[in-house]
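Below is a structure I'd like to ask you about.
In this document, chain identifiers A, B, C, D and E correspond to the written order of the chains, with residue numbering beginning at 1 in each.
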Amino acid sequence: HSQSGQAVAEIRIGILNTPNDVAVARQLGYFQAAFPHQKLKFITFDSGVDANKALLSGGVDFATMGDTNGVVALAAEIPVQLCWINEICGANEALVVRRSAKIKRVEDLVGRKIATPFASTSHYSLMSALSQAGIRDQVTLLDMDTQNIVAAWQRGNIDAAYTWQPTLAQLLPEATVLCDSADLAQQGITTGNITLVRTQFAQAHPRLTQRFVATLDQAHQLRRRNFSQAVSAAARQVGISHREARLQMQGTTWPGASAEFSSAYLGAAGSSGAFVQAMTRTGQFMAGQQTITTAPSEQQFIDFIWKGDQEP
Amino acid sequence: MSKKRKITLAVWLVLLLLWEVVTRLHLVSGILFPAPEEVLRTFVAIWQHGYNGIPFWQHLGITLWRLFSAILLAIVTAVPLGLASGMSTTVNGLVDSLVQFYRPIPPLAYYTLLILWFGIGESSKIILLYLAAFAPIYLAGVEGVHNLNQDYQLSARSLGASKGQIFRWVIFPGALPSLFTGIRTAVGVSFSTLVAAEMVASTSGIGWMVIDASKYLKSSVMFLGILLLGGLGLLLDWLLQRLERRLIFWKGQL
Amino acid sequence: MSKKRKITLAVWLVLLLLWEVVTRLHLVSGILFPAPEEVLRTFVAIWQHGYNGIPFWQHLGITLWRLFSAILLAIVTAVPLGLASGMSTTVNGLVDSLVQFYRPIPPLAYYTLLILWFGIGESSKIILLYLAAFAPIYLAGVEGVHNLNQDYQLSARSLGASKGQIFRWVIFPGALPSLFTGIRTAVGVSFSTLVAAEMVASTSGIGWMVIDASKYLKSSVMFLGILLLGGLGLLLDWLLQRLERRLIFWKGQL
Amino acid sequence: MTALIVADGLTVRYGQQAPILWQTDLTIATNEIVALVGPSGCGKSTLLNAIAGFIPYEGTLTMAGDAIKGPASQRGVVFQNSSLYPWYDVAQNIGFGLRAAQQAPATVQARVTQLLQLIDLEGQAHKKVFALSGGMRQRVAIARALAPRPPLLLLDEPFGALDAFTRQKMQHLMLSIWRQEQVSLLLITHDLNEALFCGSRIAVMTSTSRQLIATLINPYQGRTEPELSGAQLQQREQFQQRLLTLINQ
Amino acid sequence: MTALIVADGLTVRYGQQAPILWQTDLTIATNEIVALVGPSGCGKSTLLNAIAGFIPYEGTLTMAGDAIKGPASQRGVVFQNSSLYPWYDVAQNIGFGLRAAQQAPATVQARVTQLLQLIDLEGQAHKKVFALSGGMRQRVAIARALAPRPPLLLLDEPFGALDAFTRQKMQHLMLSIWRQEQVSLLLITHDLNEALFCGSRIAVMTSTSRQLIATLINPYQGRTEPELSGAQLQQREQFQQRLLTLINQ
């Protein structure tokens, strides 16, 4: 086993500024403990779009992003691998509709204006929900970032939106939830945030990559042990209230390492997992929408998963 | 062909060649830096089949419409206001600090407010472009007046010209060379605000095309959009320069 | 206090009052449009405790550092190039179309390429700001030369001045008023590119603060950032104008 | 004779500098020509600019009883460096004041044509002003000031760039206009002969006086040398010598 | 006497217009003063500008055998509208050509001081040029052209804005410089007396000739009226009349 890990002076990690496992691990000093010999540099990205560019330019070694952006990365042949699922989206991302519109089902959205941040997990979830309802071409989709969704909502310019917390909380007083990502996940349309590692880095420093994954797993374990403590840590790290952090974290699932590297998610030892299959479907769907040029095959997705340093 | 044109042509040919060579030899990643022929292929495809289900001409048309209405609006308002602000202390006191204040604020920072006030339709996009174009023209107006030799105004007053007449017959033509520079800057600035303006709640326009493509790392579409915007800007600037040469025959004679 | 200052002050007081009234009467949503006192409270809090664990001064400092190095770099390169391009057909043929081409391209469109080539560190941010600042100064240089009365150059050549001397002793001072306008425009433009520049892979800077706050709907932080950027721009412009009045004593005498 | 312009204890300075004019007095009566002579840099243009309303002053300075507060159409001015509008052609420059007074286009046209003839530029109505020779420009500037028939004309070396022949013609033209119309003139000139031919009175400044040191009634106005007898010529010569001595004090 | 400037079949036009000068010839010998006279707008400045290298021409135009291709330091020019640099003060304007020739600061300083004295502006070295009177500006422009001692000086009505006394002084100054140094001059003037006093030869143009119609050797150069006898004065008068007739043909 390579001990070249010691030669790495700095590890650059692209993060999302949300209350997730990375935030917990940072706040509680897990990273420092795991990487005493390395300088850790955390770089915040607003979206997976920017994170992908940074990975491509070699500006970061790890980056967290929505799995849809992971599909884009694979389709664009960026030399990266999926090494971790940070969280599975659930109630924290939802399709909401203005209460006054008196709409109860997705099918009734025909002719309405719906906003969502394009290229996000919400975007994919929304498209899937609309396709299932068979009204994909009968609504107007608008590409907006979260705060502009709030502004447009307040002006009454949009009738519905698929977005995440904390934006969701701003809309909910006047809105009803039509479906959320947990509902969709039950139908196999799973979305989540994932961490990609540069292939070159993972190959050169398998031990460091392994340790990185283990560090995040610590956060997952903490959440299972003591949810409240994980919430406070994340809240403090991100700079939001405990209440807000709790709301957001309650909406997500943190699988933990043992589950992730099993058939439930990423699969083990070259076999395919459920999450990988979901991503494959995502790829096919996106290719169908022409947002990516060709859909990667399931084998490509299997190869996309970092196999790790899996001996005990 | 003039010497200048020959040199310009040579520069672009060299650049094209360089681009071709760099991509042929795979000196940079093909993911973000597509080969010229790939961009051309994308262009033909988009020309024929449109992008995101909307024909190419519609993308171009909506973008140009947004741009031109914003620039026109900016010219119509910023020229008189800039000149008035250059002439009168009162107007200057009223307007100048406001313009100088909003001018440096990034459009991306206040776009949310525009949406709140003007909705997500065309108006907020056009207003954003308008605000970007307004400032350079206004500034050029003020400077045009200040740089104008005092004697022109003095002799006009001696000839009995009223304030309005001085404005139209002396200040305006005297500041025209400066205003033209301002308008050219404004066209550039509003072009370069285009992506920001079309980033929100759009599904059409060249700027939106670039943003959408960049989200999915479709670099050839992105490059095509960049080249289109640059080319359009170049064309517009060239037209403005021609117009200027026609109109301002006294340039360099002040 | 001069008449102009009094008017300016009155305008701002009225605006402040209006803001207060509008928020007091809840005429607009408080989520996106905070009251003045709330913004003030946020300011005090950020001043004392920083934002996102970074002291306020560091946010301000990094932003100013990025801005100033970009603007300085732009001045140092665009002034000579613009003047040269105004003087010489060869330089014009080489440079002009390139500048006119990249000028209208939105920074957001080519930021991706900059990240690819220069990484996500400071350099790509500064280069983005630099490119935004370069064009207006360059353009002002070209125009400054073209607007300058021919006789100045002719008499300089009659006095035996070499090209370099004409450049330094005639063209440069003659174009200075125009260059100053260009620099003022450039400062505005690079300010307004700040959010775009600090949008990617930052964790500090006023522009980033605005973007980050907007993600989490912290509207008072957003407003604070907007006011800071506007105020900073205003201050910088005022300083530039003072400098100009000092330096260019012959303004309006050409 | 009523006083049109009255300067009483007039002091003029540029910025914070020592005053260029110091407590000087001057009256210009209705329908007279005051020729102002003095060495270069003594303050002639400064005085004229003050009367024109171009620069601030201290003391009393009135036209027809009203304090002069700025440029006005009653006071036509020909600058030392004529500032014609380069964006207008010759005819448009001459017609400027008429258009400002909102006269009918036909009236403007007629007057401009008449003036073009007077200044010998008939065929050049549509020339660009920066394509004119120095002397042509000066003539256009004179025509522009004359066009709206102001009651007072302030001329700062208006014939400086003209050849002897054209100059003489313009001098005669000026006198004939002055005789026909109710107009007063202040004429700065560096040519004593011109002052003697044109001025009703001659006002004199010196390099250091910062005031008018004398205003002399001129008995030779409008009289060319051939018109004068030998004795008169000698007297004129003496008068001119006296002026010269005054100027160069 | 060797020819310094030779114009042979010189044609000058602005843009596509009819030529202003048509197939005209002129020589300026080393160390002579050619005074050029003619009515306003006849093309005097155009000829001078062509020799200065400011405007393109057809035909032959050489200085010391070399074709004139543009402005050069061998040909000092005083414009009709002096274009002093407003960003430089009086002394810096005068020293411009010396600094261009990279002379030592002390040399520049000395020459500037000397010239300031010659043009009667000793105390005004650090004045801004736009704070000068018209006549002062003209003197600075003359000093600026003189400073680098060019072998040929082209002067376009250099004394037009000067009072009689200063003008005389400048004329004498010019002649004394011409006598001391190996310098040729082309002097445009609208004043026949000036032409007679200064010119070695007098060149004449008319309104319509588009050429020099005559160049006459001037026997009265450098001679003031008091120096001349009665008979000589009469001859001079006749010569002047002949010139006038030529000019106004």
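Here, contacts are C-beta pairs under 8 Å (C-beta built on N, C-alpha and C of every residue); 3 or more make two chains touch, one makes a residue touch a chain.
If you're wondering where the values come from, they're calculated on a predicted model, not measured in any experiment.
Peer 1: Please report the minimal path length, in steps, between chain A and chain D on the chain touch graph.
Peer 2: Step count on the best path from chain A to chain D: 2.
Peer 1: What chains touch chain A and also chain B?
Peer 2: Under the touch definition, chain A and chain B have C as mutual neighbours.
Peer 1: Using the average of all C-alpha atoms in each chain as its centre, how far is it in Å between chain D and chain E?
Peer 2: That gives a centre separation of 27 Å.
Peer 1: Could you grab the centroid distance between chain A and chain C? Build each centroid from C-alpha atoms only and quote it in angstrom.
Peer 2: 37
Peer 1: So what's the Cα centroid distance for chain C and chain D, whole Å?
Peer 2: Distance between chain centres, rounded to whole Å: 50 Å.
Peer 1: By residue number and range, which residues of chain C touch two or more other chains?
Peer 2: Where chain C meets two or more other chains at a single residue, that happens at 29, 32, 112, 116, 149, 199, 211, 214, 253-254.
Peer 1: If I count partner chains per residue in chain D, which residues reach a count of at least 2?
Peer 2: Where chain D meets two or more other chains at a single residue, that happens at 81.
Peer 1: Enumerate the residues of chain A that touch no fewer than two other chains.
Peer 2: 53, 56, 145, 147, 151, 154, in rising order.
Peer 1: Chain pairs that touch, all of them, please.
Peer 2: Result of the pairwise touch check is A-B, A-C, B-C, B-D, C-E, D-E.
Peer 1: Where on chain C is chain E touching in the complex?
Peer 2: Going by the criterion above, the answer is residues 149, 151-152, 154-162, 165, 169-170, 173-174, 176, 248-250, 253-254.
Peer 1: Given the complex with chain A, which residues does chain C contribute to the contact?
Peer 2: It is residues 29, 31-32, 52-53, 112, 115-117, 119-121, 199-203, 211-212, 214-217 of chain C that touch chain A.
Peer 1: Of all residues in chain B, which touch chain C in the complex?
Peer 2: Touch residues, chain B against chain C: 2-8, 11-12, 28-29, 32-33, 89-90, 92-94, 96-98, 100-110, 112-113, 116, 132, 135-136, 139-140, 143, 146-150, 177-178, 181, 184-185, 187-189, 191-196, 199, 207, 210-211, 214, 222, 225-226, 229-234, 236-238, 251-254.
Peer 1: Considering the complex alone, what residue numbers of chain E touch chain C?
Peer 2: The contact residues of chain E facing chain C are 52-54, 70-73, 75-77, 79, 81, 83, 85-87, 96-97, 99-101, 128, 130, 144-145, 148.
Peer 1: For the complex, give me every residue of chain E touching chain D.
Peer 2: Residues 14, 37-41, 44-46, 80-81, 131-136, 139, 156-157, 160-167, 190-192, 244, 247-248.
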